[in-house]
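Shared between the two complexes below is subunit A, which pairs with subunit B and subunit C, respectively.
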Partner chain A sequence: MAPQPVIRSKQAEKTINGNQTQVVCTEFSNYIFIVLTQYGKIGTLVSITPDTRSGDISVPMYTSKVLLGKDEPLTHVYAKNVATFVSQESGNRPILLGLSLKDNSAETMKTVKDMIKSCQVW
Partner chain B sequence: MEAVLNGDCSSHASADSISLHDFSEKFLEQRVYFHLMKLSGGFFLWVGTATNPLISNLAVSILSRTDSAPLSTLVLGDTSDTTASALAQRLTKKTKKQVFVSYNLPVTDSNLLLLVENRIKQEMELHPDKF
Partner chain C sequence: MAPQPVIRSKQAEKTINGNQTQVVCTEFSNYIFIVLTQYGKIGTLVSITPDTRSGDISVPMYTSKVLLGKDEPLTHVYAKNVATFVSQESGNRPILLGLSLKDNSAETMKTVKDMIKSCQVW
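Up next is the complex of A and B:
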(Lines of atoms letter the chains of each structure in order from A and count residues from 1; the text may use other names and numbers.)
(Lines give C-alpha, C1' and ligand atoms only; values in the text may rest on other atoms or scores of the structure.)
Protein backbone atom coordinates (compact mmCIF):
# COMPACT_ATOMS: atom_id res chain seq x y z
CA MET A 1 0.00 0.00 0.00
CA ALA A 2 2.51 2.61 1.11
CA PRO A 3 5.61 3.33 -0.95
CA GLN A 4 8.65 5.06 0.58
CA PRO A 5 7.90 7.48 3.41
CA VAL A 6 8.45 11.09 2.34
CA ILE A 7 9.58 12.24 5.75
CA ARG A 8 13.09 11.29 6.81
CA SER A 9 13.55 10.67 10.48
CA LYS A 10 16.33 9.28 12.68
CA GLN A 11 16.36 8.56 16.37
CA ALA A 12 18.85 7.78 19.11
CA GLU A 13 18.59 6.72 22.72
CA LYS A 14 21.10 6.87 25.55
CA THR A 15 21.17 6.92 29.34
CA ILE A 16 22.89 10.04 30.66
CA ASN A 17 23.50 10.22 34.44
CA GLY A 18 20.74 7.66 34.94
CA ASN A 19 18.24 9.52 32.75
CA GLN A 20 16.90 7.82 29.64
CA THR A 21 17.49 10.42 26.90
CA GLN A 22 15.88 10.31 23.47
CA VAL A 23 16.56 12.30 20.33
CA VAL A 24 14.41 12.24 17.20
CA CYS A 25 15.40 14.35 14.19
CA THR A 26 12.93 14.78 11.34
CA GLU A 27 13.47 16.63 8.10
CA PHE A 28 10.70 18.81 6.70
CA SER A 29 11.26 21.12 3.75
CA ASN A 30 10.99 24.32 5.82
CA TYR A 31 12.13 23.08 9.24
CA ILE A 32 14.29 20.50 10.87
CA PHE A 33 12.29 19.16 13.78
CA ILE A 34 14.30 17.92 16.77
CA VAL A 35 12.74 16.26 19.80
CA LEU A 36 15.16 16.14 22.72
CA THR A 37 13.64 14.54 25.77
CA GLN A 38 14.12 12.74 29.07
CA TYR A 39 10.35 12.57 29.62
CA GLY A 40 9.32 11.03 26.29
CA LYS A 41 7.45 14.24 25.49
CA ILE A 42 7.84 17.28 23.27
CA GLY A 43 7.69 19.56 26.29
CA THR A 44 8.75 23.14 25.57
CA LEU A 45 8.59 23.91 21.87
CA VAL A 46 11.11 26.43 20.57
CA SER A 47 11.75 27.75 17.07
CA ILE A 48 15.31 28.81 16.21
CA THR A 49 15.46 30.93 13.07
CA PRO A 50 18.54 32.39 11.41
CA ASP A 51 18.28 36.13 10.72
CA THR A 52 18.02 36.73 7.01
CA ARG A 53 19.83 40.06 6.89
CA SER A 54 23.31 38.63 7.54
CA GLY A 55 23.49 37.12 4.05
CA ASP A 56 26.84 35.62 3.19
CA ILE A 57 28.84 37.31 5.95
CA SER A 58 30.23 34.58 8.21
CA VAL A 59 27.92 33.18 10.91
CA PRO A 60 24.33 34.44 11.08
CA MET A 61 22.53 35.54 14.23
CA TYR A 62 19.67 33.41 15.54
CA THR A 63 16.31 34.29 16.96
CA SER A 64 14.74 31.82 19.37
CA LYS A 65 11.07 31.90 20.23
CA VAL A 66 9.16 29.75 22.71
CA LEU A 67 6.03 28.56 20.89
CA LEU A 68 4.71 26.40 23.69
CA GLY A 69 5.69 26.16 27.35
CA LYS A 70 7.52 28.24 29.91
CA ASP A 71 9.44 31.12 28.37
CA GLU A 72 12.58 31.20 30.52
CA PRO A 73 15.97 32.72 29.59
CA LEU A 74 17.68 29.36 30.12
CA THR A 75 15.40 27.74 27.54
CA HIS A 76 16.67 30.16 24.89
CA VAL A 77 20.30 29.61 25.90
CA TYR A 78 19.90 25.86 25.83
CA ALA A 79 17.94 25.81 22.58
CA LYS A 80 20.46 27.97 20.75
CA ASN A 81 23.33 25.94 22.14
CA VAL A 82 22.08 22.57 20.99
CA ALA A 83 20.40 23.57 17.72
CA THR A 84 22.35 26.32 15.95
CA PHE A 85 24.99 23.91 14.65
CA VAL A 86 22.22 21.92 12.92
CA SER A 87 20.99 25.08 11.20
CA GLN A 88 24.54 25.97 10.15
CA GLU A 89 25.23 22.51 8.78
CA SER A 90 21.94 22.43 6.87
CA GLY A 91 22.43 25.70 4.99
CA ASN A 92 20.76 27.96 7.58
CA ARG A 93 17.48 26.12 7.85
CA PRO A 94 15.12 27.00 10.72
CA ILE A 95 14.88 24.53 13.60
CA LEU A 96 11.87 23.42 15.57
CA LEU A 97 13.01 22.02 18.91
CA GLY A 98 10.99 20.12 21.47
CA LEU A 99 12.90 20.30 24.73
CA SER A 100 12.13 18.45 27.96
CA LEU A 101 15.14 17.54 30.06
CA LYS A 102 15.46 16.57 33.72
CA ASP A 103 19.14 17.43 33.71
CA ASN A 104 20.20 20.74 32.16
CA SER A 105 23.91 20.48 33.03
CA ALA A 106 26.68 21.45 30.62
CA GLU A 107 28.01 17.87 30.42
CA THR A 108 24.57 16.58 29.44
CA MET A 109 24.34 19.28 26.79
CA LYS A 110 27.61 18.08 25.25
CA THR A 111 26.34 14.50 25.11
CA VAL A 112 22.96 15.40 23.63
CA LYS A 113 24.66 17.45 20.92
CA ASP A 114 26.60 14.32 19.95
CA MET A 115 23.32 12.40 19.91
CA ILE A 116 21.78 15.02 17.59
CA LYS A 117 24.85 14.71 15.32
CA SER A 118 24.29 10.95 15.13
CA CYS A 119 20.73 11.59 13.88
CA GLN A 120 21.73 13.69 10.90
CA VAL A 121 18.82 14.02 8.45
CA TRP A 122 19.91 17.37 6.95
CA MET B 1 24.43 4.77 20.36
CA GLU B 2 21.85 3.76 17.83
CA ALA B 3 20.37 5.71 14.99
CA VAL B 4 17.40 4.15 13.28
CA LEU B 5 15.86 5.18 10.01
CA ASN B 6 12.14 5.64 9.66
CA GLY B 7 10.35 3.73 12.29
CA ASP B 8 11.86 0.28 12.15
CA CYS B 9 12.70 0.50 15.80
CA SER B 10 10.50 -2.23 17.18
CA SER B 11 13.34 -4.73 17.56
CA HIS B 12 15.24 -2.82 20.25
CA ALA B 13 12.82 -0.21 21.53
CA SER B 14 11.97 -0.27 25.21
CA ALA B 15 8.38 0.16 26.33
CA ASP B 16 8.39 3.95 26.59
CA SER B 17 10.58 4.76 23.59
CA ILE B 18 9.35 7.24 21.04
CA SER B 19 8.15 5.24 18.04
CA LEU B 20 7.79 6.42 14.46
CA HIS B 21 5.20 5.21 11.99
CA ASP B 22 4.58 6.18 8.37
CA PHE B 23 1.60 5.39 6.18
CA SER B 24 -0.01 6.84 3.08
CA GLU B 25 -3.22 6.69 1.10
CA LYS B 26 -4.37 7.80 -2.32
CA PHE B 27 -7.40 10.11 -2.23
CA LEU B 28 -8.88 11.60 -5.41
CA GLU B 29 -5.76 10.93 -7.51
CA GLN B 30 -3.56 12.44 -4.82
CA ARG B 31 -1.30 10.51 -2.47
CA VAL B 32 -1.42 11.81 1.06
CA TYR B 33 1.37 10.92 3.49
CA PHE B 34 1.09 10.53 7.25
CA HIS B 35 4.04 10.68 9.63
CA LEU B 36 3.37 9.71 13.20
CA MET B 37 5.51 10.04 16.30
CA LYS B 38 4.28 8.31 19.41
CA LEU B 39 5.23 10.15 22.58
CA SER B 40 4.60 9.56 26.26
CA GLY B 41 0.93 10.45 26.77
CA GLY B 42 0.39 11.70 23.26
CA PHE B 43 1.47 11.77 19.64
CA PHE B 44 2.63 14.05 16.84
CA LEU B 45 0.96 13.65 13.45
CA TRP B 46 2.06 15.24 10.19
CA VAL B 47 -0.20 15.10 7.13
CA GLY B 48 1.01 16.27 3.74
CA THR B 49 2.14 15.46 0.22
CA ALA B 50 5.45 14.36 -1.27
CA THR B 51 5.91 17.39 -3.52
CA ASN B 52 6.65 19.81 -0.70
CA PRO B 53 6.79 18.17 2.73
CA LEU B 54 6.68 21.25 4.93
CA ILE B 55 5.32 22.17 8.36
CA SER B 56 3.06 25.09 7.48
CA ASN B 57 1.22 24.94 10.77
CA LEU B 58 1.26 23.15 14.11
CA ALA B 59 -1.65 22.73 16.48
CA VAL B 60 -1.69 21.19 19.92
CA SER B 61 -4.64 19.88 21.87
CA ILE B 62 -5.14 18.54 25.41
CA LEU B 63 -8.06 17.35 27.49
CA SER B 64 -9.72 20.01 29.57
CA ARG B 65 -10.33 19.47 33.27
CA THR B 66 -13.47 21.54 33.27
CA ASP B 67 -14.91 21.12 29.80
CA SER B 68 -15.86 18.05 27.80
CA ALA B 69 -14.38 19.68 24.68
CA PRO B 70 -10.57 19.44 24.56
CA LEU B 71 -8.50 22.63 24.54
CA SER B 72 -6.78 23.30 21.25
CA THR B 73 -4.47 26.00 19.96
CA LEU B 74 -2.26 26.79 17.01
CA VAL B 75 1.40 27.33 17.94
CA LEU B 76 2.78 27.78 14.43
CA GLY B 77 1.28 29.11 11.22
CA ASP B 78 -1.72 31.10 10.08
CA THR B 79 -4.17 31.41 13.00
CA SER B 80 -7.07 32.21 10.68
CA ASP B 81 -6.89 28.63 9.42
CA THR B 82 -8.55 26.45 12.03
CA THR B 83 -8.21 23.09 10.24
CA ALA B 84 -5.18 21.80 12.17
CA SER B 85 -6.44 22.83 15.59
CA ALA B 86 -9.92 21.45 14.92
CA LEU B 87 -8.41 18.14 13.79
CA ALA B 88 -6.14 18.01 16.85
CA GLN B 89 -9.12 18.69 19.07
CA ARG B 90 -11.13 15.85 17.55
CA LEU B 91 -8.18 13.44 17.85
CA THR B 92 -7.74 14.36 21.52
CA LYS B 93 -11.43 13.81 22.08
CA LYS B 94 -11.11 10.34 20.57
CA THR B 95 -7.82 9.24 22.15
CA LYS B 96 -7.86 11.26 25.43
CA LYS B 97 -4.24 12.14 24.68
CA GLN B 98 -2.17 15.23 23.98
CA VAL B 99 -2.10 15.58 20.20
CA PHE B 100 0.15 17.64 17.94
CA VAL B 101 -1.10 18.05 14.37
CA SER B 102 0.51 19.61 11.32
CA TYR B 103 -1.95 19.64 8.43
CA ASN B 104 -0.42 20.52 5.07
CA LEU B 105 -3.12 19.92 2.48
CA PRO B 106 -5.31 22.44 0.65
CA VAL B 107 -7.91 23.53 3.20
CA THR B 108 -10.41 24.50 0.54
CA ASP B 109 -11.20 20.83 0.11
CA SER B 110 -13.32 19.86 3.12
CA ASN B 111 -14.16 16.55 1.49
CA LEU B 112 -10.47 15.65 1.54
CA LEU B 113 -10.26 16.52 5.24
CA LEU B 114 -13.08 14.10 5.94
CA LEU B 115 -11.31 11.33 4.02
CA VAL B 116 -8.04 12.09 5.81
CA GLU B 117 -9.69 11.99 9.20
CA ASN B 118 -11.37 8.69 8.46
CA ARG B 119 -8.04 7.26 7.31
CA ILE B 120 -6.42 8.32 10.59
CA LYS B 121 -9.19 6.63 12.55
CA GLN B 122 -8.80 3.52 10.42
CA GLU B 123 -5.05 3.47 11.19
CA MET B 124 -5.85 3.81 14.90
CA GLU B 125 -7.91 0.64 14.66
CA LEU B 126 -5.29 -1.18 12.58
CA HIS B 127 -2.30 -0.10 14.71
CA PRO B 128 -3.50 1.09 18.11
CA ASP B 129 0.01 0.59 19.50
CA LYS B 130 1.40 3.29 17.18
CA PHE B 131 -0.72 6.09 18.65
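Up next is the complex of A and C:
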Protein backbone atom coordinates (compact mmCIF):
# COMPACT_ATOMS: atom_id res chain seq x y z
CA MET A 1 0.00 0.00 0.00
CA ALA A 2 1.28 3.49 -0.81
CA PRO A 3 2.19 5.68 2.16
CA GLN A 4 -0.85 7.31 3.61
CA PRO A 5 -1.30 10.80 2.17
CA VAL A 6 -1.79 13.59 4.63
CA ILE A 7 -3.13 16.99 3.76
CA ARG A 8 -0.64 19.46 5.13
CA SER A 9 -1.89 22.76 6.44
CA LYS A 10 -0.11 25.57 8.27
CA GLN A 11 -1.31 28.82 9.77
CA ALA A 12 0.27 32.10 10.80
CA GLU A 13 -1.10 35.14 12.60
CA LYS A 14 0.32 38.61 12.87
CA THR A 15 -0.85 42.16 13.46
CA ILE A 16 0.06 44.39 10.49
CA ASN A 17 -0.63 48.12 10.87
CA GLY A 18 -3.11 47.31 13.63
CA ASN A 19 -4.96 44.70 11.55
CA GLN A 20 -4.96 41.12 12.74
CA THR A 21 -3.95 39.05 9.78
CA GLN A 22 -4.30 35.31 9.28
CA VAL A 23 -2.64 33.18 6.67
CA VAL A 24 -3.67 29.57 6.07
CA CYS A 25 -1.80 27.42 3.52
CA THR A 26 -3.02 23.93 2.64
CA GLU A 27 -1.43 21.60 0.12
CA PHE A 28 -3.58 19.56 -2.21
CA SER A 29 -2.09 17.55 -5.05
CA ASN A 30 -3.64 19.78 -7.72
CA TYR A 31 -3.77 23.13 -5.92
CA ILE A 32 -2.11 25.02 -3.14
CA PHE A 33 -4.89 26.69 -1.20
CA ILE A 34 -3.96 29.96 0.51
CA VAL A 35 -6.22 32.21 2.52
CA LEU A 36 -5.09 35.75 3.46
CA THR A 37 -7.60 37.40 5.70
CA GLN A 38 -8.05 40.37 8.00
CA TYR A 39 -11.77 39.66 8.40
CA GLY A 40 -11.71 35.91 9.18
CA LYS A 41 -13.39 35.36 5.82
CA ILE A 42 -12.43 33.38 2.75
CA GLY A 43 -13.24 36.57 0.87
CA THR A 44 -12.65 36.83 -2.83
CA LEU A 45 -11.66 33.43 -4.16
CA VAL A 46 -9.23 33.52 -7.07
CA SER A 47 -7.57 30.72 -9.04
CA ILE A 48 -4.11 31.52 -10.40
CA THR A 49 -2.96 29.04 -13.03
CA PRO A 50 0.38 28.99 -14.84
CA ASP A 51 0.14 28.90 -18.62
CA THR A 52 2.80 26.26 -19.17
CA ARG A 53 3.92 25.27 -22.62
CA SER A 54 5.97 22.13 -22.92
CA GLY A 55 9.57 22.83 -23.78
CA ASP A 56 9.27 26.38 -22.54
CA ILE A 57 11.77 26.90 -19.75
CA SER A 58 11.03 30.59 -19.23
CA VAL A 59 8.94 31.86 -16.33
CA PRO A 60 5.30 31.12 -17.14
CA MET A 61 2.55 33.69 -17.46
CA TYR A 62 -0.36 33.35 -15.07
CA THR A 63 -4.08 33.41 -15.65
CA SER A 64 -6.21 34.58 -12.73
CA LYS A 65 -9.92 33.99 -12.43
CA VAL A 66 -12.28 35.23 -9.72
CA LEU A 67 -14.45 32.28 -8.62
CA LEU A 68 -16.31 33.95 -5.75
CA GLY A 69 -16.72 37.61 -4.86
CA LYS A 70 -16.11 40.91 -6.63
CA ASP A 71 -14.16 40.69 -9.87
CA GLU A 72 -12.02 43.84 -9.82
CA PRO A 73 -8.87 44.52 -11.85
CA LEU A 74 -6.82 45.19 -8.69
CA THR A 75 -7.77 41.77 -7.30
CA HIS A 76 -6.07 40.08 -10.25
CA VAL A 77 -2.93 42.19 -9.85
CA TYR A 78 -2.75 41.50 -6.13
CA ALA A 79 -3.53 37.79 -6.50
CA LYS A 80 -0.86 37.27 -9.15
CA ASN A 81 1.68 39.22 -7.12
CA VAL A 82 1.06 37.12 -4.00
CA ALA A 83 0.65 33.73 -5.69
CA THR A 84 3.36 33.76 -8.35
CA PHE A 85 6.28 33.04 -6.04
CA VAL A 86 4.44 30.15 -4.37
CA SER A 87 3.59 28.63 -7.73
CA GLN A 88 7.17 29.00 -8.91
CA GLU A 89 8.59 27.47 -5.74
CA SER A 90 6.18 24.54 -5.96
CA GLY A 91 6.93 23.50 -9.53
CA ASN A 92 4.34 25.74 -11.23
CA ARG A 93 1.37 24.42 -9.33
CA PRO A 94 -1.93 26.30 -9.57
CA ILE A 95 -2.93 28.37 -6.55
CA LEU A 96 -6.37 28.82 -5.07
CA LEU A 97 -6.31 32.08 -3.13
CA GLY A 98 -8.86 33.57 -0.73
CA LEU A 99 -8.27 37.29 -0.24
CA SER A 100 -9.95 39.59 2.26
CA LEU A 101 -7.56 42.30 3.37
CA LYS A 102 -8.45 45.68 4.83
CA ASP A 103 -5.12 47.09 3.81
CA ASN A 104 -3.58 46.46 0.39
CA SER A 105 -0.46 48.56 0.92
CA ALA A 106 2.95 47.45 -0.32
CA GLU A 107 4.12 47.05 3.28
CA THR A 108 1.24 44.70 4.08
CA MET A 109 1.87 42.75 0.91
CA LYS A 110 5.51 42.27 1.86
CA THR A 111 4.64 41.08 5.37
CA VAL A 112 1.91 38.80 4.05
CA LYS A 113 4.38 37.19 1.66
CA ASP A 114 6.76 36.54 4.56
CA MET A 115 3.86 34.97 6.47
CA ILE A 116 3.12 32.71 3.49
CA LYS A 117 6.79 31.67 3.42
CA SER A 118 6.54 30.74 7.11
CA CYS A 119 3.56 28.49 6.22
CA GLN A 120 5.33 26.62 3.47
CA VAL A 121 3.49 23.35 2.76
CA TRP A 122 4.68 22.79 -0.82
CA MET B 1 -8.84 44.71 21.69
CA ALA B 2 -11.16 41.90 20.63
CA PRO B 3 -10.01 38.35 21.29
CA GLN B 4 -7.67 37.17 18.61
CA PRO B 5 -9.55 35.22 15.96
CA VAL B 6 -8.22 31.83 15.04
CA ILE B 7 -9.14 29.91 11.95
CA ARG B 8 -10.17 26.50 13.13
CA SER B 9 -9.40 23.50 10.99
CA LYS B 10 -9.80 19.77 11.61
CA GLN B 11 -8.89 16.73 9.58
CA ALA B 12 -9.93 13.09 9.53
CA GLU B 13 -8.63 10.10 7.59
CA LYS B 14 -10.22 6.73 7.04
CA THR B 15 -10.12 3.88 4.55
CA ILE B 16 -13.56 3.32 3.01
CA ASN B 17 -13.97 0.29 0.73
CA GLY B 18 -10.19 0.26 0.24
CA ASN B 19 -10.01 3.97 -0.64
CA GLN B 20 -8.06 6.28 1.62
CA THR B 21 -10.33 9.17 2.35
CA GLN B 22 -9.45 12.56 3.79
CA VAL B 23 -11.79 15.14 5.19
CA VAL B 24 -10.66 18.68 6.00
CA CYS B 25 -13.06 21.17 7.58
CA THR B 26 -12.06 24.82 8.08
CA GLU B 27 -14.23 27.52 9.56
CA PHE B 28 -14.24 30.99 8.06
CA SER B 29 -16.71 33.63 9.16
CA ASN B 30 -18.56 33.62 5.85
CA TYR B 31 -18.04 30.03 4.70
CA ILE B 32 -17.36 26.60 6.08
CA PHE B 33 -14.77 25.06 3.79
CA ILE B 34 -14.92 21.27 3.49
CA VAL B 35 -12.73 19.06 1.33
CA LEU B 36 -13.65 15.39 0.78
CA THR B 37 -10.98 13.62 -1.18
CA GLN B 38 -9.79 10.17 -2.18
CA TYR B 39 -7.18 11.62 -4.55
CA GLY B 40 -5.54 14.27 -2.32
CA LYS B 41 -7.04 16.90 -4.60
CA ILE B 42 -9.39 19.78 -4.00
CA GLY B 43 -11.33 18.36 -6.94
CA THR B 44 -14.60 19.86 -7.99
CA LEU B 45 -15.21 23.04 -6.00
CA VAL B 46 -18.86 23.73 -5.24
CA SER B 47 -20.51 26.53 -3.27
CA ILE B 48 -23.74 25.58 -1.49
CA THR B 49 -25.72 28.61 -0.32
CA PRO B 50 -28.98 28.62 1.62
CA ASP B 51 -31.74 30.70 0.07
CA THR B 52 -32.88 32.36 3.25
CA ARG B 53 -35.86 34.64 3.32
CA SER B 54 -36.34 36.78 6.38
CA GLY B 55 -39.24 35.64 8.52
CA ASP B 56 -39.16 32.21 6.96
CA ILE B 57 -38.56 29.67 9.70
CA SER B 58 -38.82 26.61 7.47
CA VAL B 59 -35.78 24.67 6.28
CA PRO B 60 -34.14 26.69 3.51
CA MET B 61 -33.61 25.54 -0.06
CA TYR B 62 -30.01 25.41 -1.25
CA THR B 63 -28.38 26.70 -4.39
CA SER B 64 -25.26 24.89 -5.55
CA LYS B 65 -22.77 26.26 -8.04
CA VAL B 66 -19.69 24.57 -9.46
CA LEU B 67 -16.77 27.02 -9.26
CA LEU B 68 -13.98 24.75 -10.48
CA GLY B 69 -14.11 21.44 -12.33
CA LYS B 70 -16.78 19.49 -14.16
CA ASP B 71 -20.32 20.75 -13.76
CA GLU B 72 -22.38 17.55 -13.68
CA PRO B 73 -25.93 17.12 -12.33
CA LEU B 74 -24.82 14.39 -9.91
CA THR B 75 -22.22 16.72 -8.38
CA HIS B 76 -24.98 19.12 -7.32
CA VAL B 77 -27.04 16.30 -5.80
CA TYR B 78 -24.06 14.92 -3.92
CA ALA B 79 -22.83 18.34 -2.77
CA LYS B 80 -26.24 19.34 -1.42
CA ASN B 81 -26.67 16.01 0.31
CA VAL B 82 -23.30 16.30 2.07
CA ALA B 83 -23.41 20.02 2.84
CA THR B 84 -27.00 20.59 3.94
CA PHE B 85 -26.65 19.16 7.44
CA VAL B 86 -23.49 21.19 8.09
CA SER B 87 -25.15 24.37 6.95
CA GLN B 88 -28.21 23.64 9.10
CA GLU B 89 -26.10 22.86 12.17
CA SER B 90 -24.07 26.05 11.70
CA GLY B 91 -26.97 28.50 11.48
CA ASN B 92 -27.48 28.27 7.70
CA ARG B 93 -23.94 29.22 6.76
CA PRO B 94 -22.82 28.77 3.17
CA ILE B 95 -20.52 25.84 2.46
CA LEU B 96 -17.56 25.71 0.10
CA LEU B 97 -17.03 22.06 -0.79
CA GLY B 98 -14.17 20.36 -2.61
CA LEU B 99 -15.18 16.92 -3.87
CA SER B 100 -12.95 14.26 -5.40
CA LEU B 101 -14.21 10.82 -4.51
CA LYS B 102 -13.55 7.58 -6.37
CA ASP B 103 -16.63 6.01 -4.88
CA ASN B 104 -19.97 7.82 -4.64
CA SER B 105 -21.91 4.95 -3.08
CA ALA B 106 -24.47 5.51 -0.33
CA GLU B 107 -22.22 3.67 2.13
CA THR B 108 -19.30 6.00 1.38
CA MET B 109 -21.56 9.02 1.68
CA LYS B 110 -22.73 7.86 5.09
CA THR B 111 -19.18 7.30 6.34
CA VAL B 112 -18.01 10.61 4.89
CA LYS B 113 -20.79 12.42 6.73
CA ASP B 114 -19.68 10.78 9.99
CA MET B 115 -16.12 11.93 9.24
CA ILE B 116 -17.38 15.49 8.70
CA LYS B 117 -19.19 15.31 12.05
CA SER B 118 -15.92 14.28 13.70
CA CYS B 119 -14.28 17.41 12.20
CA GLN B 120 -16.88 19.82 13.52
CA VAL B 121 -15.46 23.34 13.48
CA TRP B 122 -18.74 25.27 13.37
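Criterion: the second predicted complex is superposed on the first by the 114 of 122 C-alpha atoms of A that agree within 3 Å, B and C clash if a C-alpha of one lies under 4 Å from a C-alpha of the other, contacts with A are read in each partner's own complex, and residues count from 1 in each chain.
By our rule, contacts are C-beta pairs under 8 Å (C-beta built on N, C-alpha and C of every residue); 3 or more make two chains touch, one makes a residue touch a chain.
Not measured: the values here are computed from a predicted model.
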| item | value |
| --- | --- |
| Chain touching more of subunit A, residue-wise (subunit B, subunit C) | B |
| Touching partner for A:L99 - first (subunit B), second (subunit C), both, neither | neither |
| Contacts of A:L36 with subunit B and subunit C, given as first, second, both or neither | neither |
| Subunit B versus subunit C as contact partner of A:S118, first or second or both or neither | first |
| Partner chain(s) touched by A:K14 [first = subunit B, second = subunit C, both, neither] | first |
| Set of subunit A residues, in rising order, touched by both subunit B and subunit C | 5-7, 9, 11, 13, 20, 22, 24, 26, 28-31, 33, 35, 37, 39-42, 45, 47, 67-68, 96 |
| Subunit C residues touching subunit A - in the complex, by the definition given at the top | 4-7, 9, 11, 13, 20, 22, 24, 26, 28-31, 33, 35, 37, 39-43, 45, 47, 67-68, 96, 98 |
| In the complex with subunit B, residue positions of subunit A that touch it | 1-3, 5-14, 20, 22, 24, 26, 28-31, 33, 35, 37, 39-42, 45, 47, 67-68, 96, 114-115, 118-119 |
| Touching residues (chain side subunit B, partner subunit A) in the complex | 1-7, 9, 14, 16-18, 20, 22-25, 33, 35, 37, 39-42, 44, 46, 48-50, 52-56, 58, 60, 75-76, 98, 100 |
